[in-house]
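Each of the next two complexes has subunit A plus one other chain: subunit B in the first, subunit C in the second.
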Partner chain A sequence: MSEHPVLPPESTDNESVAARLAREAKRQVAQGNLKKKKLVYLELNGCSGNIISLLNGSNPDFEYMITSMVDLLYSNSLMAAEGEQAVQRLFDLAAGDEEFILAVEGAVALKNNGMYHLVGKIGDRPVTGLEMAELLGKKATHVISVGACSVDGGPSAARPNLSQSVGLQGVLDRHIIKLPGCPVNPDWFLGTLAHLLMFGEPKLDDMNRPLMFYSTLIHDRCPRRPFFDQGIFAEKLGEPYCLFKVGCRGPVTRTDCPTRKWNDHVNWPIGASTCIGCAQFGFPDRMAPFISYDTTKE
Partner chain B sequence: MARKIIINPVTRISGFLELDVTVENGVVSEARTKGMMFRGFEQMMKGRKPFDAIYLTQRICGICSTAHSVGSSLALEDALNVTMEEQGRYLRDIIHGCEFLQNHIRHFYQYSVPDYVKMPPEHPLFTSYEGTARLPERENAAIVEHYFESLAISRLAHQLLALFGGKAPHNHGVYVGGYTTPATAVKIIEAKSMLQKIRNFIVDKMIPDTYTISRYYPELFQMGKGPGNLMSCGAFNGYEALGTLYTEPLVFNGKTNETSRFNADLIMENINYSWYQGKKTYKPFETMPEPDMEKEDAYTWVKAPRYDGMAVEVGPLARLWLSGDYRNGISAMDRTIARSLEAGKVVGIISTLLDQVVPDYMVQKEWELPSSAQGAGLVETTRGTLGHWMKIEDGVISFYQIITPSAWDYSASDENSLGTAEQAVMGTTITDPEQPVELGRILRSFDPCMSCATHVSSPGQETKTIQVF
Partner chain C sequence: MADMVTIQRQMDLTFAEINYLIRLMYATEDEHTKNLTLNQMWNKIAHLQFLNQLLVAASFQQGQAAIPLQNSPQTMLPDSTNAPTANNQMEFTREQLAQFTGMNGQPAYVAVNGVVYDVTNNAAWSVATHFGLSAGRDLTQEFASCHTGQQWILDTLVPVGRLIA
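Then we have the complex of A and B:
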């Protein structure tokens, strides 16, 4: 057998590129070409649904991520340490010289100088999410906003926004990679992380979203698109036609959901109901109402 | 000597929680649990289109979002006077059941196991207290292996949820009338195949691992009892053709040892020690109290729901006790065992329901909104009893009240008693105040979800005793 067998051309769709990036990252770390970088995963004011979504990643999965891609230093949901022992790590990191990537999910609550959301305490001194976002945000080599709340406030900032929540950019004057979605698809986060580790920052659009995941309108690749083109519309949920007239936000939302799908590719929102625009800026207030039965009725 | 111990954050839970205890002569003599975040979802719902509640209330919680889609759908069905068909209920309950599986597996392996097992020290994520894990090397290694193996299984439970629900977390499958898109024959058989793999893991690994841990930490059977009052509004019960597959709506009174029928009219909320102003005690439909951080004597914004005046425990142990499946005792370890056993029970329920699903059966209609109405939705979810109460005026939501399971288990004190978890921590013997590992074990046995119990604290004001740290 030849030492260099002829292989079929590599697929260039988004999923295959992301899978190849992840594989390449594994290989480079295994060969020692890449040093494992530190990752801090900070949960702020939100539902902690992005870390749960991250656990749904399959290739790479969570085990691979912490074994071969990064040293995960901090995660409120997953770390063994608790109390001051846990929070102190963040202060040590901020005071040290070690490089790290910061991923943040949840919004920054500004009300009462940040007291509406505490990350923890040192002694009896409260450590607010606001303080931590600023402290670590300045220091990190890269900052990733993970999910709707971190990107621009999301559900945590929905009106009347009693906690005065804002996206991370609202308190951090620096370049941030933005991964909108409620929650984020695990591939969007893990693929972005892999790109950062191997090749630096991925190409971003003018809203700082990686083009490899957020370049195309859902509507343009929707499997229900032929019904739209022929003017065949569902009047209620559960019908297999275009959902435009019951309020689908696919025509304004840019993600690769129609091709990548969710949860190991088994299904996606439009496979069940409408898209509610959870990866669009301004979600949820600017995307509501999510379901209507009368959008174009006279 | 009295020493104060503050644990904040209590990690490996969903959301942010603080525990303050006073330890006298090695025993906990005062305890307070405090929610550490506030978003105000109830106020957020006002003025929105009623159907949006099904999607937006899911954002309360990333680990148990399906629960809120079910609670809000039930409240809407009540308000819209919609009677769900049995087919609607079957598939909805299947979707919801998958969340139980995802949640219980992750709570046991990712959240609880590091309290009992020495995790691989090469990962900074796992460094913690030293010398508090007791398992022999072989048993320890097996459970560590299952910690990582479980990731594929909890992922599979979410995959099964998404098969019918579109995606997880935050599904698009639960809606007024039951579900949005009908199942197909192909999906039903896919689901059965996935469920089989999940079942094998739970039966062969998760339940045995739970019992292994219980053997090496026998003192946990004597710790963390709490008030001993158990409540369920009924879980997977009252199907027309199937009857009750799990628990009837029942309440067990720990003082009198009597079990009575659950009555939703006996639910009250108290805000005496919570950061709210308004009527001190009220029924769910009565009033939405307004936030007030300056209130004296208050220490948490988790409110204090009470059933017939009692602080109660909700969740897997309460359900298994009330159904008669498990009555070994009420303690931190019994709670942990009950959660794993319940995962096995829910697999059986999903399997039974899957056999009833008729493929391609449409339940959706163009639902008509009344200009004014009100509705309540009570449902047993992963962590216990969840209630959504909604009022509609002029076609939009005018009032929304949510009482979550963790609001029951992590409630504030009222004039008569401490909250459930506070009572569970009281009297605990702390072996080493520098590494108070007992406290976290008790707290996590309830599987707290503070994203759900949602609320705020005003920290740093009340420390009067000596600081340990």
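Then we have the complex of A and C:
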């Protein structure tokens, strides 16, 4: 036997890659090469959709994340502590020397000095999301913007934007890894986190999105693509042809949705309806209309 | 035009040869023959690529708007070739341009730097809208603010005329 036996190529489908990453992480942790890092998951002005999506993750799943990948120090939806005790944890982090990765979901509301979105209270003093985003954002080793709202305002900043919401970058002058999507696919977040833990920052495109998840134009891998090439278009939803004429945003949106899919890799938006461009900057206002029957002729 | 026919015939021939080589790959067990076949396939594909470039170049020379973009999906659609696009010297005023909104069965036209382009079947213009912009307008400034130095984008569009005043 030679020292480096030639092995058959490893499977490159999404689940195998995710499983291999998770297995490697586990091995590295067991060997002590890899120390568990701390994660703070801050929810700002949004709908908590990304955390719901995260709970739907598999290979690795959420349980694996909090037991084997990171110490989840704070997540207002999921932690046991509540009230002032929980908020105090954030201030301790901001004041102390602990290293942590900061994941931020939701937009930062600027109106009335941030009073349109509160994280909690210390005594009688309301603590705004704006204050926390700035405090923790400066301190974290890495910052990940999770979801459309955090990336560039998303639905929270959609017209008429009553809370004057902006993306995290709007209040934080530092390098941020951006994971657009409404919501973010659990694999995109967990994969980015795993990469951060094991190999450091993943390769990013010029808009700071990880290339491993956001490099493919949906249109290029769409199963309905042959219909586009032949000029065969659906006139209403439910027809199995290209949805370009009713408002599909696949041609302007970059994600691996066509191959990764959602809900344990079962189905995805174009499996049933149009892509609404939820992972593109400017969503939702600039992706409108999502559906239109008032179309061009072919 | 004779050139194009020759190129097409060469391409068909090469496709047939590649198909034959693929079948040969399946049939043969011999490692050496396999490598040889693979090498031949490589050459054939390189040849195909060359023919393809030749085809594009040839059709550009003939000044035909529809053929150079043959591998681009948008021109394969019947519309872009036989709509009023054939004559790209048509002149549009802003009012006339405003009618081509892509709604009610109208084609979708936009103007950039004085040239009117047809984006009816352009993939990035689903339902005649593009990042919140709608068709039927002069989008010179919008183009400049987002696609500075990306002239190639305009080169892939089908010009239909000029914008006057």
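In this text, the second predicted complex is superposed on the first by the 280 of 298 C-alpha atoms of A that agree within 3 Å, B and C clash if a C-alpha of one lies under 4 Å from a C-alpha of the other, contacts with A are read in each partner's own complex, and residues count from 1 in each chain.
The definition used in the following text is that a contact is a pair of C-beta atoms (placed from the backbone, for glycine too) under 8 Å apart; a residue touches a chain by one contact, two chains touch by 3 or more.
Only a predicted model underlies this, so the values are computations on that prediction, with no experimental measurement involved.
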item: Partner chain(s) touched by A:Gln230 [first = subunit B, second = subunit C, both, neither]; value: second
item: Which of subunit B and subunit C A:Gln169 touches, first, second, both or neither; value: neither
item: Touching partner for A:Thr253 - first (subunit B), second (subunit C), both, neither; value: neither
item: Chain touching more of subunit A, residue-wise (subunit B, subunit C); value: B
item: Touched partner set for A:His219, first subunit B, second subunit C, both or neither; value: second
item: Contacts of A:Pro183 with subunit B and subunit C, given as first, second, both or neither; value: first
item: Partner chain in contact with A:Pro289 - subunit B first, subunit C second, else both or neither; value: both
item: Touching partner for A:Val87 - first (subunit B), second (subunit C), both, neither; value: first
item: First, second, both or neither for A:Phe244, with subunit B first and subunit C second; value: second
item: Overlapping contact positions on subunit A, where the subunit C interface meets the subunit B interface; value: 288-289, 292
item: Residues on subunit B engaged by subunit A in the complex (per definition of touch); value: 6-16, 18, 36-40, 43-44, 46-49, 51-52, 55-56, 59-63, 65, 106, 110-111, 114, 119, 123-129, 148, 151-152, 154-155, 158-159, 161-173, 175, 179-182, 190, 291, 293, 362-367, 440, 451, 456-460, 463, 467, 469
item: Residue numbers on subunit C that touch subunit A, as the complex places them; value: 73, 76-79, 102-108, 120-121, 123-124, 126-132
item: Residue numbers on subunit A that touch subunit C, as the complex places them; value: 219, 228-231, 244-249, 251-252, 282, 285-289, 292, 294-298
item: Residues of subunit A that touch subunit B when the two form their complex; value: 43, 45-53, 55-58, 61-63, 66-67, 71-73, 75-87, 109, 112, 115-126, 154-156, 158-160, 162-163, 165, 182-183, 235-239, 262-264, 266-274, 276, 278, 284, 288-293
